[in-house]
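Letters A, B, C and D name the chains as they come in the text, with residue numbers starting at 1 for each one.
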Amino acid sequence: MSSTFGTLLRVTTFGESHGKGVGAVLDGCPAQLSLSEEDIQKQLDRRRPGQSRLTTKREEADRVMILSGVENGKTLGVPIGLFVANKDQRPDDYKTMRSIPRPSHADYTYQIKYGIRSASGGGRSSARETVGRVAAGAIADKFLHERFGIEIVAWVQSVGEVEALPIVVDVISREDVDQTIVRCPDPPAADEMVRLIDNVRERNDSIGGVIACVCRNVPPGWGEPVFDKVEAKLAQAMLSIPSTKGFEIGSGFAGTHMFGSQHNDPFVLKGSRLGTTTNFSGGVQGGITNGEPIIFRTAFKPPSTIGLPQMTADFEGRKTVLEARGRHDPCVVPRAVPIVECMAALVIGDLALRQQYRQLSS
Amino acid sequence: MSSTFGTLLRVTTFGESHGKGVGAVLDGCPAQLSLSEEDIQKQLDRRRPGQSRLTTKREEADRVMILSGVENGKTLGVPIGLFVANKDQRPDDYKTMRSIPRPSHADYTYQIKYGIRSASGGGRSSARETVGRVAAGAIADKFLHERFGIEIVAWVQSVGEVEALPIVVDVISREDVDQTIVRCPDPPAADEMVRLIDNVRERNDSIGGVIACVCRNVPPGWGEPVFDKVEAKLAQAMLSIPSTKGFEIGSGFAGTHMFGSQHNDPFVLKGSRLGTTTNFSGGVQGGITNGEPIIFRTAFKPPSTIGLPQMTADFEGRKTVLEARGRHDPCVVPRAVPIVECMAALVIGDLALRQQYRQLSS
Amino acid sequence: MSSTFGTLLRVTTFGESHGKGVGAVLDGCPAQLSLSEEDIQKQLDRRRPGQSRLTTKREEADRVMILSGVENGKTLGVPIGLFVANKDQRPDDYKTMRSIPRPSHADYTYQIKYGIRSASGGGRSSARETVGRVAAGAIADKFLHERFGIEIVAWVQSVGEVEALPIVVDVISREDVDQTIVRCPDPPAADEMVRLIDNVRERNDSIGGVIACVCRNVPPGWGEPVFDKVEAKLAQAMLSIPSTKGFEIGSGFAGTHMFGSQHNDPFVLKGSRLGTTTNFSGGVQGGITNGEPIIFRTAFKPPSTIGLPQMTADFEGRKTVLEARGRHDPCVVPRAVPIVECMAALVIGDLALRQQYRQLSS
Amino acid sequence: MSSTFGTLLRVTTFGESHGKGVGAVLDGCPAQLSLSEEDIQKQLDRRRPGQSRLTTKREEADRVMILSGVENGKTLGVPIGLFVANKDQRPDDYKTMRSIPRPSHADYTYQIKYGIRSASGGGRSSARETVGRVAAGAIADKFLHERFGIEIVAWVQSVGEVEALPIVVDVISREDVDQTIVRCPDPPAADEMVRLIDNVRERNDSIGGVIACVCRNVPPGWGEPVFDKVEAKLAQAMLSIPSTKGFEIGSGFAGTHMFGSQHNDPFVLKGSRLGTTTNFSGGVQGGITNGEPIIFRTAFKPPSTIGLPQMTADFEGRKTVLEARGRHDPCVVPRAVPIVECMAALVIGDLALRQQYRQLSS
């Protein structure tokens, strides 16, 4: 297990899907930041199951409790303990799955790694683990917004083969994104995505998708080469989210088809600072922010827990058919939008603090 | 700067492109491993400039020296110091670029971050920094091969729009890969890639590409959820290599188009252990290896230093035309193959050691 | 703030003296360890205020709750969340101390560091923070005892100028130590210590003391030179406990008076392994355990919060007299005994796991 | 092995006593600091063997080479590689010691830990490993002095039972300390120490001693509770130096004899800031600097390699007499003075950088 992330702004998460609850400790958050449970709750509500017909019917209120680190509405500079109690446990749903590892799920690998695993629901590999990340990331997000004016906005770029038109990254807001239950700010595409997800759910199947994210107003100079480059830490953060299979920044895989003369972003004066006329770099050069918007995309595979019968093997290797129960999202991307934003905030927040000591130098 | 990577197997790199040399310290390598400079030199030679007509003409012998940690051909379990002297410095080539930051290069961001930068050639952002990674990674690679039979093989999957046919990952070897100077094991595609790179170089332009990599025989159970999942650390490692813009594992971005019923990898008995009939997961489930081959791809953008004149701005924001000098690869992927392998070895090696203490538990 | 400690066995603590509670997350604890709240409660009860007339009269039940990581009485190998609710808050006691920083307390330094501080009772600098350490350390202690037979026992060696006779470290047990309320296993000295503490309390003053600790049955070979030597990590751990001013291992400061010919511990065959006839080294050589008992001592200063009037200055620098209220221990060492044991267990436990991967090598 | 120390200012050391050389990589050093090899050489010369008749006769020039990170006399903000070649190797001296582990030396524990050890001279456990620490620490020392006016001065407080009078910590300088070859600024005591060491050397024996150190002008507010308190990191740093057995800060062990009413340091206005009239705290309260001088002491045992015959056992457990050869210091404290200063500079330098991001908050 390695449940701690970050160097100066450091999050530690804990909790399984069917224990007493899930939570996080956020250490290194600067003092004197205004902070209430409501500030955190907003993002948790966007991650919550049961928020729309697209998500699992499990009703989880997911109320966050601040256990420590905040007094009279202000952070003290000490660790902020965060806790969300688990509700609505139905371990019976998982009984038949005890002896049969779900294909493409973590049942098998956890058993092999630890010689034991959570009785039900995926335990620590469950998406429920991300509650702690969202709670801690919401604080990083607030800090970055208040101190630097940074805006982090993610949205659903595609579901299956349904792809949104290119989004204008300079103005897109969370409110825009939340206009549709699928969190895609291109309404016609959103309609088609919703239809696709409805159809997939009816067939007891699941489908993947891509989330895009922009971080605006990040000052130039952040990022810690050579191993903690901005894109390297974002990639680690994104690929640590359950169900992710890919990450790209700026031009990404498509950029490999381009010539340097097309791909290079020419410099130009923007107000009092240098900017670039194009942004194939995605806001980073040499692992350090250049002041342009950071743009990246994360690929989510179709959820592995599906109702359709699957030919597979049990732990003993005997052929068997698995029909999974439980209530699961047919597509995770609508609810994963705040998770992507919060993990991005934890990455950017840590790099923000790590750059500050250099103000000494200049 | 954050030039240290890994928890138990920990590499620290140092050195700029035009200083005395580049190197690394590898700490945590197990004792009693046979190790000679020749073991390391093999991978350095594959990374070396001037090895074929596809690469820059700079001739760098790049001989590695083991400074510490090895005695009588055996590792002592203590830090292994590695050093490669710089040769053939031509800082004059960089003179005109002092006042004009190269578009999509790190000249601008290093200047902003540190208020100072290396006089020439990119300093620490140069690909030369990867010499230390390759030297250290070659040791990790040897350790993984000797103790566990692990085989890590990378190859060029595409250059620009030229794409190799799917490769049979079960048997591909480094010898196969090195059959062509472009390091693509599909000969007809390789021919086309070489022609494309030749053409691009003649035009003083550059082109991107994709490197694929397989890690075979990795035992199940390795990887440290939730933040140090196998794919998360591989993604960080790959995106920390200069010029990279994307990472995907298993089905990657293409997997987002699939239904769960297609994408799930059914379990089946393979000898005495569970395996899967397909491998869309790319060898990892829940961030932990499942015993199947780990398969991932990394996207490299076209190199930013090109000879073609570019309209851009100088540090003061004045419009100007830059014609870069110096000797640079028109396409980095042929030489980046050993870098991908060595960074993968450092990731897998660290996760190997981190899993060992659990042998206690079982 | 840096509230995380350890490399593979990693504890993160959170909570202030007057918030909702205090706790810890213990990550990296091996799976399949039997664990109940009762196992942890035992050490918490020894740390608890109000347990004898020697300690503050605050009554804190300090019941621990396991929030995660344990199912059916077994650890899952995932983070163990631990929480103890705060009770019996009397912030009024601290009102007069708002404008006057207590001499030799952290009131002043926290205010300077963070520009804000906890309204009362020292917040994060309070000894209450150690609840999380004791809870997590009790788990490490159980693991070390069950897997390796390791026994960690601390006791009060001196209070003020009252010093216990040398203790036979080979057999001393926690039961022996708990025979007296001052936790000194030399009964006549214990009587004198109790009288001294009673006297000091009556005078509204406080007094310091020394805790000694032995770790028996630690296998040889543990410890990670050069910076994470056994004694270096023990020293960090002990000096991170509130009120500590010194640490020594083996011969310690007294050993500086000796000649090498007196101080060297000759080797001798003990059963099937090499041992030493004396143990001035205190169980470590070159930062690595040698199989002999690890013996160390930690100095605790007199508590700074005393009822006696003190001439000092307020935050504005105006001369003033402070008469502190609140209920505080006149001497911390009796209650600090389990804290020392638990921090030692966290150190040894981490080094245990870090050594395991080397079993590969031999 | 764990050869990396620090969070933002991070040193990694490498090298054994009889390999090609020893060195360090210092990562995180701020950019634009003036730095030459001569700046570093000064402290190395104070650590060098053969500098006076009190030390081993090995003549080691110990010239440092800066491998990277500095250009045109300024740091670039990137890792600074440092290397010192080994000279004057006489492995023959160590032949007889191959089969007999030296009592109280690391020969035995390294063999057990790694299953192999350096052929001679202690390898990585040798005091020669500290060359890298001194080189890196000299840079931290220069940075702290130039940016903050911080002065770090260590001296020999006692050798055996010969103790210097109390030193006035406000004015003592390195020049004062270097007035005597034993580095004790109390001349009559210094004379006696020299006589004692001469006598001990003639008898082929060795003797211990205590080094005291003061860090002046450290701003208040530095230190990272709860685990990286100033005193905790100093304790780890000091106990990681070969031959150390104890650490105390401020009143230390003697403070345990005091009452709180004596030990508390009253606040008083000093210019524009709060100071204290006494300094039993040793410059830290609650793990955070309070602006008063940081004062600590480190205990060094007598060196274990002595010429006198010793009754001991070989690796097989057979009784034998060891007469060690080789050239070794009869007392390490004169040469350890710069090591203590440099390790203190690395600790304070790291905490300096870690505090800077909080300037945001105030």
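Operating definition for what follows: a residue touches a chain if its C-beta (ideal position, glycine included) is under 8 Å from a C-beta of that chain, and two chains touch if they have at least 3 such contacts.
This is a predicted model, so every value here is computed, not measured.
Trainee: Considering only mean CA positions as chain centres, point out the chain farthest from chain B.
Mentor: Result for the farthest chain: C.
Trainee: Consider the two chain pairs A-D and A-B; indicate the one with the greater count of contacting C-beta pairs.
Mentor: Between A-B and A-D, the larger count of C-beta pairs in contact belongs to A-B.
Trainee: Quick one: report the Å distance separating chain A from chain C, using the average Cα coordinate of each chain.
Mentor: 38
Trainee: Taking each chain's centre as the mean position of its Cα atoms, how many Å separate chain A from chain D?
Mentor: Roughly 45 Å, centre to centre.
Trainee: Report, in whole Å, the distance between the mean C-alpha point of chain A and the mean C-alpha point of chain B.
Mentor: Their C-alpha centroids are separated by 26 Å.
Trainee: What are the residue numbers in chain D that touch two or more other chains?
Mentor: Residues 1-4, 7, 13, 31-32, 77, 113-115, 124, 354, 358, 361-362 of chain D each touch two or more of the other chains.
Trainee: Mind pulling up the chain B residues that touch chain D in the complex?
Mentor: The contact residues of chain B facing chain D are 1-4, 10, 12-16, 19-23, 25, 27-28, 31-32, 65-69, 71-72, 74, 76-81, 83, 113-119, 123-124.
Trainee: Which chain C residues qualify as touching chain D in the complex?
Mentor: 1-5, 7, 13, 101, 103-106, 108-110, 112-115, 122, 124-125, 129, 158, 160-161, 200, 205-210, 220-229, 231-240, 242, 244-253, 255-269, 274, 276, 280-282, 284-290, 299-306, 308, 310-313, 315, 317-319, 354-355, 358, 361-362
Trainee: Give every residue of chain D touching chain A within the complex, in rising order.
Mentor: 7-8, 30-32, 77, 147, 353-354, 356-362
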